[in-house]
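Look for chain A in each of the two complexes below; its partner is chain B in the first and chain C in the second.
Right after this comes the complex of A and B.
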């Protein structure tokens, strides 16, 4: 595990010298800022007015944006190592494949934690302009769910990055798998019953977040779902990296 | 493999392609039809046969591959992946089947996202499965969504027990007719042969309907007849019949029967409630004595809808009203001899047709707080809370500008009616609920019966007000009193221009700019080091 931690620290530091990470953070905060201001402005107008839903204002677009930004943050992780040939070097070192994969994934999640920490500014502002303040239980639940969701998306990104030496290919593959899990619920319209509908609805990654965490509900099955997706794709990535030894 | 000098090996790649196409086609067709029909079966069989053919065409290639190093490692990896997926699927299955109480924690203030324990219990207690069918047009999309969220909460208790669907009555009028839908946004719950109609959907209404599924026996309620009361069947004059609310009561498993008090010595023993719906003549003392006798029984109940005397008997009627006297003397509710006039909250141009949206806190009205009710020609009520053993609750009151006009002749005055010295001033009470805390008998009094008449029952929340009253009177409020969860309402503080600009500056300019500057510095430093 120490190796994983060493790799995570190295990759984490690399994010702060990578223009892609800054581009991702800039886009994220610009879009979130505009949407936040739009919501604040419209909530003060009679026609649109209603109780301020600060958690939805921030995490609604934040989650959707992550669908597009996660591939940007993960596409380099293993694809770059493959392209430059450093992956072979790493594999000759006394390091296990799972440590390499987990270290890369941890770095990406840690970087998102920094972004999440900065995003708290919206809730500080939201709390100041809301009477009698925000429902911090809902905010906490939304943060926790977001972290679980992002961890799962990052694991998908690490997996696809392990498949390709080309970052663009890794980007689109991550986006395609994430979008697939995002939209799979469309195959089972609300109200439709049966095993197929149940399974498809359960696979819908956005449903687990929007139906539970963002509303303030900590759901064990949604937590297990996110953890399962994370474990599965990290495992797949490990197997892909390992397969380089015998392919 | 050779067949009459034709080397079949060359067809193996084509067979693989056909096999893949067959399986893909089977998957797509299944997604389209959602059933394992002939087209899906044929595609699947063709796909599988093509793979078998490919193996037969080049058996050597398969065995060589299978004995190779890659196949061994590959098979090992595939096995591990399948095993992990199996473990994860099993784990998810087990956790998803846990009871909702064990699986979820609601962190929101007031736990607004979770069902009260009573509702969870009744959902579990319902025998068999429940199907919900909601009729919503596209104009009611947001209401449909909130209904869906409510149904999802119930479904989460036991996903196998509740299923639901939404039907647009405009695009599927046949289905709407089958259910007798008369109002956009109506939800039906079905269990076995029973069907419950819910017009104003709330967690409590759904839970109440589920409770009724657990109580299959019919409850008998009697409507008095013989003194010009409103009819139970749909009549030619919608002003004088109550078939709409009677049908709603029947759908809630009530056995609705007429009762002529002149033809009986006592109110039948199976009566869960007695309803006096707008008699055109005062009930004679003998009838009132029978009602009084009935109300001495434990858990007896009366719902009295009493129109203004001027409306039923004319402006100059001065005779006694024994029922009004009884209610005043024994239940602390006095029906005033006036007509409520409200120039502010009434149907335009009709100051006697008052619209009320101020309710007391009662199981009858708690779910109507966001709805208005409409009373065409009502009298005001007065109640006292000092009578021992009586618990009295105001149900509905008018706006503050209303008054109780006692000078009926002034209604014909060309200058219009005006509040005089002897008139009661608003807000005026038009509905009251009383419970005898000792005998548990209940009485609900309204100063109007027309609000429940067919002509306006479907307007506003009128039918719900009447049906809720009967439910409360008959103690079918087992679940009407779901734990009320009212989180503090949140509002945006008034934001002045400076604060607004500061928020804009920090969130749209400063934060992204800081990220951009930090990125720029890093980029610049890296260039310097290169």
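Right after this comes the complex of A and C.
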């Protein structure tokens, strides 16, 4: 575990010496800011009616953006090590494959925590301009769910990055798997019942977030879902790295 | 320290190394010599625990390569051929990272120590991406030495260095080789001849020769070739030389220069000198060629190439041998 921490620290620092972190943060806060601003403006003139949904304003677009930004944040994690050959040095050091994979994933999640910390500004503003203020329980639930969701997406990203020595290939593979999980719910339209619809609905990564956490519902089965996806893809990534030795 | 038996590695249908058996003792510098694609890097990757062999077994620093890979990796220092490093890190950041991965106590002190050893301390704060090839090589070497490895494995450590840097690296390797086991690969024979206690020549994935550089020289060269130069008149000298026992052939290279081939295992120099002087010729120069490792290398790996050629062009090869 100590080695995973060492790997994570190096990788986390790398985000800030590369332009990637700033590009991601710029994209995120530019888009979130525009949407937030629009929502504040329209709600003050009572355009849509109803109480302001600050949590939805922020996390609605945030989650969608993460579909595009996660692959960008994870694509280089293992692909770059393979391309430059530094993986050879890491794998001849006394560290285990799971420590390497977990460390990489941890760095990406830690980076997102920084972004999330900055995003709190929207809720501070939202709390100041609404009456009687925000329901902090809902906000907390949305944050927790978001973190779980992003952790799962990051695990998918680490997995695809382990498959390729090419970052672009890793980007699109992550994007494809994430988007596939995102859209799989379309196969089970509202009102459809039966085991197939149940399974498909459970696989739908967006439903777990939009139906539960963002509304303030801490759902155990959704939590299990996100953790399972994370563990599964980290496990697969570990196996892929191990298999490099056997090729 | 290193002991491997019947090490075989196959990549699909291609056999990269084929039943290699060799050893290296403590305090020994073993050179791994061979043309490109002979299987040197594959062997080193197996020894460092980067990948397991398809068949065969081995022990490095007292631990089994297959079942105790983690323990092996703790005790082996490795300098890969391309010297992969993180260009966006400074030298000291990088070494600190590797030291942390290897869980070295008093990291900062040890990092300073190895930077001094490889003389990179004046560039400690430079980004690795801005370093020259020679300096990067030293950073790679520093990384390999961090944990005071019992076995140091270096893939082409002299590659891309200028003569001055090569001299420094050689001195460093000699120093390390006194206490630890060093195994290095090279395709430059002079380096192996100069540095190594023992040379393993590998071609086509097989060991074709293994001995000290000196013994390899005499073994292949046999009696060797003697160069002779006399002053002035040399009439009748060829015949006189041919009469000496042990002399196989005499060639006149120039009017006053001769090349004499002697039978394996004999040193005909004393007899030749005597014959020249007693015959009334004036002896200017007499010396014996020692076959350089280069010649041995070409000689030994030639069979391999011939074998390959005979697969591709059986007729031509047959004609040549008849």
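Keep this in mind: the second predicted complex is superposed on the first by the 245 of 247 C-alpha atoms of A that agree within 3 Å, B and C clash if a C-alpha of one lies under 4 Å from a C-alpha of the other, contacts with A are read in each partner's own complex, and residues count from 1 in each chain.
Going forward, a residue touches a chain if its C-beta (ideal position, glycine included) is under 8 Å from a C-beta of that chain, and two chains touch if they have at least 3 such contacts.
Since we're looking at a predicted model, the values are computed, not measured.
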Chain B and chain C placed together on chain A: clash or fit? fit
Rounded to the nearest 10 degrees, the Cα-centre angle chain B-chain A-chain C in the superposed arrangement comes to 160
Of chain B and chain C, the partner touching more residues of chain A is B
- Scan A:14 for contacts with chain B and chain C and give back first, second, both or neither. second
Which partner does A:92 reach: the first (chain B), the second (chain C), both, or neither? second
So, does A:1 touch the first partner chain B, the second partner chain C, both, or neither? neither
- Query: Once the shared chain is lined up, is A:217 touching chain B (first), chain C (second), both, or neither of them?
  - Reply: first
For chain B relative to chain C post-fit, closest CA-CA distance rounded to the angstrom comes to 5
Note: overlapping chain A surface for chain B and chain C spans 17, 246-247
Contacts from chain C onto chain A in the complex sit at residues 11, 45, 48-52, 70-71, 73-74, 76, 78, 80, 82, 84-86, 88-89, 97-98, 100-103, 143
Contacts from chain A onto chain C in the complex sit at residues 2-3, 6-7, 10, 14, 17-18, 84-96, 244-247
Seen from chain A, its contact residues with chain B in the complex are 16-17, 19, 22-23, 25-26, 29-30, 32-34, 36-37, 40-41, 43-44, 49, 51-52, 118, 121-122, 125, 128-132, 134-135, 137-138, 140-141, 187, 190-193, 196, 198, 202, 211-212, 215-221, 224-225, 228, 231-232, 235-236, 239, 242-243, 246-247
Residue positions on chain B within touch of chain A in the complex are 31, 34, 69-70, 73-74, 77, 80-81, 84-85, 88, 91-92, 95-96, 98, 102-109, 112-114, 148, 152, 159, 163-166, 487-495, 499-500, 503-504, 506-509, 511-512, 515-516, 518-519, 522-523, 526
